[in-house]
Amino acid sequence: MEINGVQIEDTFAEGFPIKVARVQITAVTERWALEAAREATGFGTSVIGCSAEAGIECIVDGSRTPDGRPGVNILICNMGYKNLEASLMNRLGQCVLTAPTAAAFSGMPEAEKQFDTGKKLSFFGDGYQKQLELFGRNVWKIPLMSGDFVIEQSFGAVDGIAGGNFLILGQNQMAALTAAEAATDAIGKLEGTITPFPGGVVSSGSKVGSRYKFLKASTNTAFCTSLREDGVCTLAEDVSCVYEVVINGVNRDAIQQSMKSGINAACRVPGVLKISAANYEGKLGTHQFPLHVVLE
Amino acid sequence: MEINGVQIEDTFAEGFPIKVARVQITAVTERWALEAAREATGFGTSVIGCSAEAGIECIVDGSRTPDGRPGVNILICNMGYKNLEASLMNRLGQCVLTAPTAAAFSGMPEAEKQFDTGKKLSFFGDGYQKQLELFGRNVWKIPLMSGDFVIEQSFGAVDGIAGGNFLILGQNQMAALTAAEAATDAIGKLEGTITPFPGGVVSSGSKVGSRYKFLKASTNTAFCTSLREDGVCTLAEDVSCVYEVVINGVNRDAIQQSMKSGINAACRVPGVLKISAANYEGKLGTHQFPLHVVLE
Amino acid sequence: MEINGVQIEDTFAEGFPIKVARVQITAVTERWALEAAREATGFGTSVIGCSAEAGIECIVDGSRTPDGRPGVNILICNMGYKNLEASLMNRLGQCVLTAPTAAAFSGMPEAEKQFDTGKKLSFFGDGYQKQLELFGRNVWKIPLMSGDFVIEQSFGAVDGIAGGNFLILGQNQMAALTAAEAATDAIGKLEGTITPFPGGVVSSGSKVGSRYKFLKASTNTAFCTSLREDGVCTLAEDVSCVYEVVINGVNRDAIQQSMKSGINAACRVPGVLKISAANYEGKLGTHQFPLHVVLE
Amino acid sequence: MEINGVQIEDTFAEGFPIKVARVQITAVTERWALEAAREATGFGTSVIGCSAEAGIECIVDGSRTPDGRPGVNILICNMGYKNLEASLMNRLGQCVLTAPTAAAFSGMPEAEKQFDTGKKLSFFGDGYQKQLELFGRNVWKIPLMSGDFVIEQSFGAVDGIAGGNFLILGQNQMAALTAAEAATDAIGKLEGTITPFPGGVVSSGSKVGSRYKFLKASTNTAFCTSLREDGVCTLAEDVSCVYEVVINGVNRDAIQQSMKSGINAACRVPGVLKISAANYEGKLGTHQFPLHVVLE
């Protein structure tokens, strides 16, 4: 299979179940909504060493937010609901309650699983917080020095999927990186997914295990082109760089759509030689995304 | 005292000791260095609910980085050295090692306190990591799918100060917010300090204690203008909004310089009525920054 | 009439006929498409002193561009078709042909009026230019040092409208300015219009005529709050600043939709006191946009 | 000669005399100063088809501007002083006078050549303009709907140089483009120069003359890699893309410093094969910049 002359390997991405909450952050301008969203989703690449996997899902205009102001949807992901609740408390409490002109609404009001994060954070009002119905939502109004902070009482979450991915094999580093940027541009326009790594791109794809007992994951040596002389690199000679785009999403369809759009975008960048995907031969993950099926 | 017609209250900001590490992140372009820096310093507003207080200190051009590439200096702050070491491990490991084309160098090579973060992260190379001298620095080279990651062996840290601050009292919310933006513009050009809150601005200044046993800090009711009718707001009638700029720094001088530049910038924005500062009457913090001394 | 507590004056915006061409610029990433678009639409606020009125209409993803790459739609406006043809030649030849990885496609392939700008620019290829069908479009391929430049043979244009507008009256400058930013955020998401002034906002609304023979337009003295003591300012006492948002569009509907979205956004910013519009009592323009009708 | 393994060809860039004015634009925040500066310098790549060559020189903080607000320095260049005066009138009048919160100061108060652009634009005040001394400058205050516009009476200009340049030869397009971005990052930090093309980069380097009588410049066929089969491309086989960085500056030293910094930055990007420069064998330009001398 080929797209725009780029070979698509017949392999699959392997994903894992994860819990996902969507929060809609609004602010006086899109720029201030983005500031809050970036702070709230930072230090959120992988649950291996971060308290959550988090990212900006998409920008939404005032016609799609409860208060009519510009907004940014973010997704916050954790392996279990208990950790997810802690993430919501800490990330909304520290990074959205504190953000100029921000408000926080649930992006999953219909979800079965609900956390009363808004209620818990409302105690910051020291008795002056007030529960009310606003814009058809059940919210808390917390007086702040800069005005009132509005936060929805409950935030919903669903069973989602982490680890959707594809690999971009390039003639050199800049070709692969620009293709990754083009891919995350495209994915950033879609709903239901995030690319939680820095700028949406992973520079350090890993394999399961290592030669050290204390380390459960290590660099994917078979794909390290600087290890050609060591005989461990299995990549074709013309490939000199591999970037990975990792995608978390609210469901299987959202991830498939983002993989498709991202790969199509990447294949339009000159110097991209091949698209592949990362998996563990199906031993670990429960969700498989075969590239040839996704791209149909 | 007045600056540009804005009254400067005769009060002081109250700061606390904190441990501070500086990391210099370089990348192929300034934009990619910023992506890594933003991810590494995100979810880092206050140690109350974040694993660290972190922010971008300043941008540095290639003439001031070990590898001659564009760079961004970040500061990471924790209450103790043990937590700071964990922050360095997690934030550099998850957000810089994973960031496209990034490298990480110590921004405090002369500091007495040193952490061997680079050495510890190098095990990700699964035996193929190599220690070498590069650009006059003792670094590790870790093979990645996208190329080699270079990280300095040791990262230094010093005793710094958190909680430098000033308050901007505005005729309305947008005047105070724009002044806060102008202030963080100015502070962002200076070395030695960060403004760790979203966009550099705190919307939710707090007081110590609350009416709830489980909550140690709550909204600063005396400065909440929506509580005027409740009789708890002590602000003048013409003030309708207060934003706070919180500054962490490597030492007293750096914080004073940033307070001075920030306040001067804020006082040039129309609609700013008064500058004040947050303190706990000297009961808690060990560092006092009197506004009239700082602005001399 | 009121929106969110902000009074909407019962008046109308007065627009004028103008010729409008849409160009779709694509590039390897959205960022590079934006660089080309910004250069091509710069120095394009008013035909009084600029060679055209120009601006970014909206961002389009790869699913909506001929070559599947990310794109930016721009509108270029002139009083007559002759000037518009010259603008297309100069702005595409100097700012898009020269822009890294850019391509230029017609955004109005169905329009009756067509200019063969692509054909004319193709001579830059010095005999090596080639006409071909690509992506279902009739294009020229011009060899460049950095690769081939693709440009459509013909660019369409239509009879549009300039001078759609509304005025934001604020308690102070920052309230009115932030509201103008929120308005242009909203308008920037819509198709068919641009806000050609710097950052989408006009700081210097004008009246027809002046006391000088050589000057056909001058500052709108009746709305200058610094002229209160001179007795020429007719604004209410509580207003201290007025910003104008000027909108050009491909037709009446597009302008009405953008006025509606922009005004709704502006009315959500605290410190906005009133919305009005600029007109010349119907003496000059042929298009009237009554605010109360537009906002129905 | 080599830098970081990249060959530096023993050739020279050829520049031409041009007239250069520097304008310092200040605004309430750096962001608004940048909006004004971008609009004022847009559609300004080459005097072949633009009314001026213009660009952002550098960002300056409040400690270096007359009014203590954040600022952006721009350079505007024309072949003669008469055209330069017209450019100042139109670009400041249409893009800075109209820009929210902007003010305009001369960046060359000591220059021998001075234009009374501020005085001429002041008539927009319709008799209410006032001349006064402010911040030690001789300025005009023009009442606007959004507040008063402050502009210096006179703007200075000097004999500068256009066409400083270097060429980046890359293994592929993305390597050369990223290197060009890194170069313009570096040059953007320096004073005295601009890179007037889109994003600072030229995709369409030209040669003098063409096979068409009406066209005085055409694509540099000898460097077009898509013309290899036509036998006109003289580039080495491994080169597949060439980007040019063109630099205008206030004097010879400024251009040399920017060429040096830009080339050094470009040579740190993987996939860059060679640095060269564009000249006309000394037949046209009066300023020669030999790469080996510049890089000493």
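Lettered A, B, C and D in written order, each chain numbered from 1.
The rule is short, and it goes like this: a residue touches a chain if its C-beta (ideal position, glycine included) is under 8 Å from a C-beta of that chain, and two chains touch if they have at least 3 such contacts.
As the structure is a prediction and not an experimental result, all values here were calculated from the model.
**Q** Strictly by the touch rule at the top, which chains does subunit B share as contacts with subunit C?
**A** Intersection of subunit B and subunit C contact lists gives A, D.
**Q** Which chain has its C-alpha centroid farthest away from the centroid of subunit D?
**A** Between subunit D and every other chain, the largest centroid distance is to A.
**Q** When the C-alpha atoms of subunit C and subunit D are each averaged to a single point, how far apart are the two points in Å?
**A** Centre-to-centre distance between subunit C and subunit D: 25 Å.
**Q** So, what's the distance in Å between the C-alpha centres of subunit C and subunit A?
**A** 34
**Q** Could you please state the distance in Å, as a whole number, between where the Cα atoms of subunit A are centred and where those of subunit D are centred?
**A** 39
**Q** Quick check: what residues of subunit C touch more than one other chain, meaning two or more?
**A** Only 28, 147, 173-174, 177-178, 269-270 qualify.
**Q** Please output the residues of subunit D touching subunit C within their complex, sorted ascending.
**A** The touching residues are 28, 32, 35-36, 38-46, 48-51, 54, 89-91, 93-102, 123-128, 142-149, 167, 173-174, 176-177, 180, 197-199, 201-207, 210-212, 214-215, 217-221, 223-227, 230, 232, 241-244.
**Q** Spell out the residues on subunit A that touch subunit C in their complex, using ranges where they run on.
**A** Listed in rising order, the residues are 4, 28-31, 61-63, 67-70, 147, 178, 181-182, 185-186, 189, 261, 264-265, 268-270.
**Q** Can you check the complex and tell me which residues of subunit D touch subunit A?
**A** Residues 171-175, 177-179, 269-271.
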